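Take a look at the structures below.
Common to both upcoming complexes is chain A, partnered first by chain B, then by chain C.
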Partner chain A sequence: MSLTTTSLVETVKNQYFYKLKANIDSFSSLVGIQSLAMLFSLGGVGSSGFSGGDISVNIKYYSSDMIFVFTMIWAFITAITITTKPYRNYDFTFVTNRLSSSLANVLFLGSAGLLGAITSVLSGNLLQIISALFMDEQLYHLSGGSSHYILGILTTFFYLFLISSIGYFIGTLVQISKVFVVIIPVLFIGTLFFQAFSLKEKEPFFWNMIQFYTTETTVSLFILKAVLTTVAFFTLATSVLNRLEVKR
Partner chain B sequence: MKVIECSELTKSYNRKKVLNQLSFSIEENTITGLVGRNGAGKTTLLKIIAGYIKNTSGEVRVFSERSFNSLNVSGNSIFVDDQMSFPPALQLGELLGEAKRFYPNYDANLAKRLFDYFGFDEKAYHNRLSKGKTSTFNMIIGLASRCPLTIFDEPTTGMDEAVRKDFYRALLKDYIAHPRTIIISSHHVDEVEDILEDVLLINKGSKLLHLPIAEVKEWACGIKGNSETVLKLINNKEVLYQKEVGMNTLYAVVRKDSSGSGSIEEQAQLAGLEVTAVRSSDLFVHLTTEAKSKGGIDDVFNNY
Partner chain C sequence: MMLLGAVLPIVFVILFGLFFFITVKIGKKYLTIKITHWLLLVYVGVLVLASVTVPLFAQEHGNIKSVQEKDDHDEMNDPYSQLYSKLSNGEVAEIDSSYLQEERNFEHYSNKSISIVPNTINGPQVFVERKEKADATIEVAIYSTGLVVDELDFSSLLKPSEVELTDNILTINSIYQEFNFAIAGNGYPVRQFTGETMFEHHSFRSGDSFVYLRIPSGIEIEGNIDALQLIN
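Moving on, here comes the complex of A and B:
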């Protein structure tokens, strides 16, 4: 039997399509979690009202905010899931090395993030239609046209990708040592309060970190920040996974 | 060409050495049987060759490359055992499709014919197969992938007699049509020895023998007869096993050596003793039994 040279690009491509099929369950859980979030959003995600004289106005906001948050949790969990032992072992049944496996994982999480972004942005429309059709509310739709959607999908995608890179990194740490199952929540809760009680008028450290991304108003700068962080987390995770043995 | 070269290969888990200074090489297009007792390090060795785990020290070269993290080694080899993990979301038919996607030499036609012969359902799921069926399916993937290096670790676990025979026959037929390097680890030496060319016997992580199977059969002989005569004859010979088999009758397995005056068989025959060939499987058991338990499991019950 003659030897064949295996190319990295070809292997990553094969692994990617293999993963799309193997991880089909994560897409069905996306449908599930977004339906659930939709159900919670049916009462409106926010409301305000005022009245004066004979007039009383009550405004309810129907948006995909809650769906977005749920989708972020889904992206985080999906990323952790694919770092677990059975999922890594599926790759090694066929052709792979650790690098191609990680690259295919990144591509998979990217695709999952894109799908999550498109569905969560568009689900806002579905929510508004449902409320208009079935709840007998007067609908005032605010939209900036297709560019509004593209921008929404783009930023949602980068948020999801960022979250999944963090999930992937945390999942990887847990794979090296179960100690991280304790350390990571401790660190997380710790940072929530870190600097929060200091005498100087400072925002909590964790809040600052989130604001670093969320308060960025220039799209290109936000994308730059998100991409750099994502790349950093994926690179760290890949270099750690690169030394992990296949045990089953 | 040498497909696998190991030199002073050592693997330890928590300072316990599972493989100890193992050196051997395997030629291209041969079928090698890897035999050894439970816990001898067979699976560990095979996993290192497949690039699944990393050796602690020493060197292992597969297709002249280090196997750990090598894409070429992964692309040209397949590791088949009953623990092969497949995504539960995919049906058996789809799994065959995935194997075709990954392995360039994959023979879809052969896979399909074996799949139908063994009565698999394309819509079934791998994690719901019985033990024997799991092994059979994995074997189909292993054979049809036609990898230049095919590793079977205990491939017949759970298979019934008929399927085991079919498997060995299929393996041999496909090997003759498409020669490649095959390593089979097995406890059932009697079953596999007909298809093996070489045997690598390891014990406690070290190599005991690496010989063509024909030489293994000539490696030792059994001598039976009057205890005194036998004992006199086997004195200062390498005795692998001895056992009382009746009143004043002793059976001993002795390593043949051509040095000295005539072969041991001739001497035994001259002394009027019965000389028998030793089955390979028995020889391996004798070789790997510890000196302190030469009497076998009987000793456990005799002395308490």
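Moving on, here comes the complex of A and C:
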């Protein structure tokens, strides 16, 4: 019997800092995946042009769209990865329970999301400099000032946190039973095909789900939607993990 | 520059391969943590530096201004229709000065006739007005609708058509111009809230050119008159 008592906050704090060190490789993969996205974006994310008379105009559009998408994929995979057994075994370095472990994971994913959001938004600038330096093009800005940076970081963070919560939930389900490795992709792809082959001409369910967030033009409402969904997924995942046996 | 542009993706691939090799091979040793910390630090440092210096790399906007384009489908109000209508009616005084690219006069013209030779394939439309007085001066005004791409006005980059007078032959030629622009816009989550679109509803104004000539009275116009628009 131990005479030492420790609070939940203290445990979560210790675990959080430990996870930041233990999962440092996920940050190097963030650098790698964003570099790869920049490579794919070098040709521009779109182009247009016209010619008439004696004028020919070619326009390439540069933005950090691809980097955003790749960062979303990274956040999703990172969230799934930290639910796997080797990563969960790190928890037993400390006096811990499932709740403190999950809270530390949420904090870690939040930190990762914040770093991912900052680097994702700023990497658009690096892309522009590379295009200005090495491509034979005249670069012009249409983007806004610092307010757009803040808006970009804020909204990207909530997108990343949202996708992390979904990844964390899926990862948790897979830890309960490996059957979910099959069921989840089948459900995802199945609904796409089911809607496509059904007589009613409706858009696929997942497409409607995505549009629920992507068509929202009010920042506060978007944040509210993202936070509620994120909380729901993390709560579900935590309650599922709580039911797991120790060291399973 | 172009060579560097071609080599750059290869350099990126090599760097990415090196990064991947280091991460996988040296994997879980303590050294990795240091490398990862350095990698993150350098990466964030480069991004911050890029964000600070990106205005230096973008073209000085100078005369490039943002303009609010009117509805493209409103043909009566688009710059081309307005300019064409006013020029064909001889209402030069009513034309907005922003459409005027160049004005020049050929003075002391003493020939009895003039042969106007426009480039009829790609050249500008030519309007000819007869002046009421015989002041021996041929007035040339070159107008352009302007070059506007996605609400950025590049009109100041356009070179006016060349108008040359040799003896009694006035030749009009436009200059071939090719522009390669790179337009950097806001990334996705920002566009969701600002209502910007990157892949649709592009606005273009293609830099159509018009030459308006004022010929002194008493001078006969020769050459391919069908290619000219004579103002009554």
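We adopt the following convention: the second predicted complex is superposed on the first by the 235 of 248 C-alpha atoms of A that agree within 3 Å, B and C clash if a C-alpha of one lies under 4 Å from a C-alpha of the other, contacts with A are read in each partner's own complex, and residues count from 1 in each chain.
Operating definition for what follows: a residue touches a chain if its C-beta (ideal position, glycine included) is under 8 Å from a C-beta of that chain, and two chains touch if they have at least 3 such contacts.
On a predicted model such as this, the values are computed, not experimentally measured, just so you know.
Undergrad: Just to be sure I read the superposition right, which of the two partners does A:P86 touch: chain B = first, chain C = second, or both, or neither?
TA: Touch partner of A:P86: chain B, not chain C.
Undergrad: Scan A:H141 for contacts with chain B and chain C and give back first, second, both or neither.
TA: Only chain C; A:H141 stays clear of chain B.
Undergrad: When the two structures are overlaid on chain A, which partner does A:S48 contact: first (chain B), second (chain C), both, or neither?
TA: A:S48 sits against chain C, while chain B stays out of touch.
Undergrad: For A:S100, select first, second, both or neither according to whether it touches chain B, chain C, the two together, or no partner.
TA: In the superposed model, A:S100 contacts chain B only, not chain C.
Undergrad: More residues of chain A are touched by which partner: chain B or chain C?
TA: Greater contact footprint in residues on chain A: C.
Undergrad: For A:Y61, decide between first (touching chain B), second (touching chain C), both and neither.
TA: In the superposition, A:Y61 contacts chain C only.
Undergrad: With the two structures laid over each other on chain A, which partner does A:N14 touch: chain B (first), chain C (second), both, or neither?
TA: Only chain B; A:N14 stays clear of chain C.
Undergrad: If we overlay the two complexes on their shared chain A, which of chain B and chain C does A:I24 touch? Say first, second, both or neither.
TA: Touch status of A:I24: both partners.
Undergrad: Under the contact definition given at the top, report the residues of chain A touching chain B in one complex and chain C in the other.
TA: 21, 24-25
Undergrad: Inside the complex, what are the residues of chain A that reach chain B?
TA: So the residues of chain A touching chain B come out as 1-8, 11, 14, 17-18, 21-25, 86, 89-90, 92-100, 242-243, 245-248.
Undergrad: Applying the document's contact rule, which stretches of chain B touch chain A when the two form their complex?
TA: Interface residues on the chain B side: 29, 47, 51-54, 63, 69-72, 74-76, 83-87, 89-90, 94, 98-99, 101-105, 146-148, 178-180.
Undergrad: Quick check: in the complex, which residue numbers of chain C touch chain A?
TA: 1-2, 4-5, 8-9, 12-13, 15-16, 19-20, 23, 32-33, 35-37, 39-40, 43-44, 46-48, 50-51, 53-55, 57-59, 61, 64, 122-124, 147, 149-152, 158, 174-196, 198-199, 202, 204, 206-209
Undergrad: Please name which positions on chain A make contact with chain C in the complex.
TA: For this pair, the touching residues of chain A are 21, 24-25, 27-29, 31-32, 35-36, 38-39, 42, 44-46, 48, 50, 52-65, 67-69, 118-126, 128-144, 148-149, 151-152, 155-156, 159, 214, 216-219, 222.
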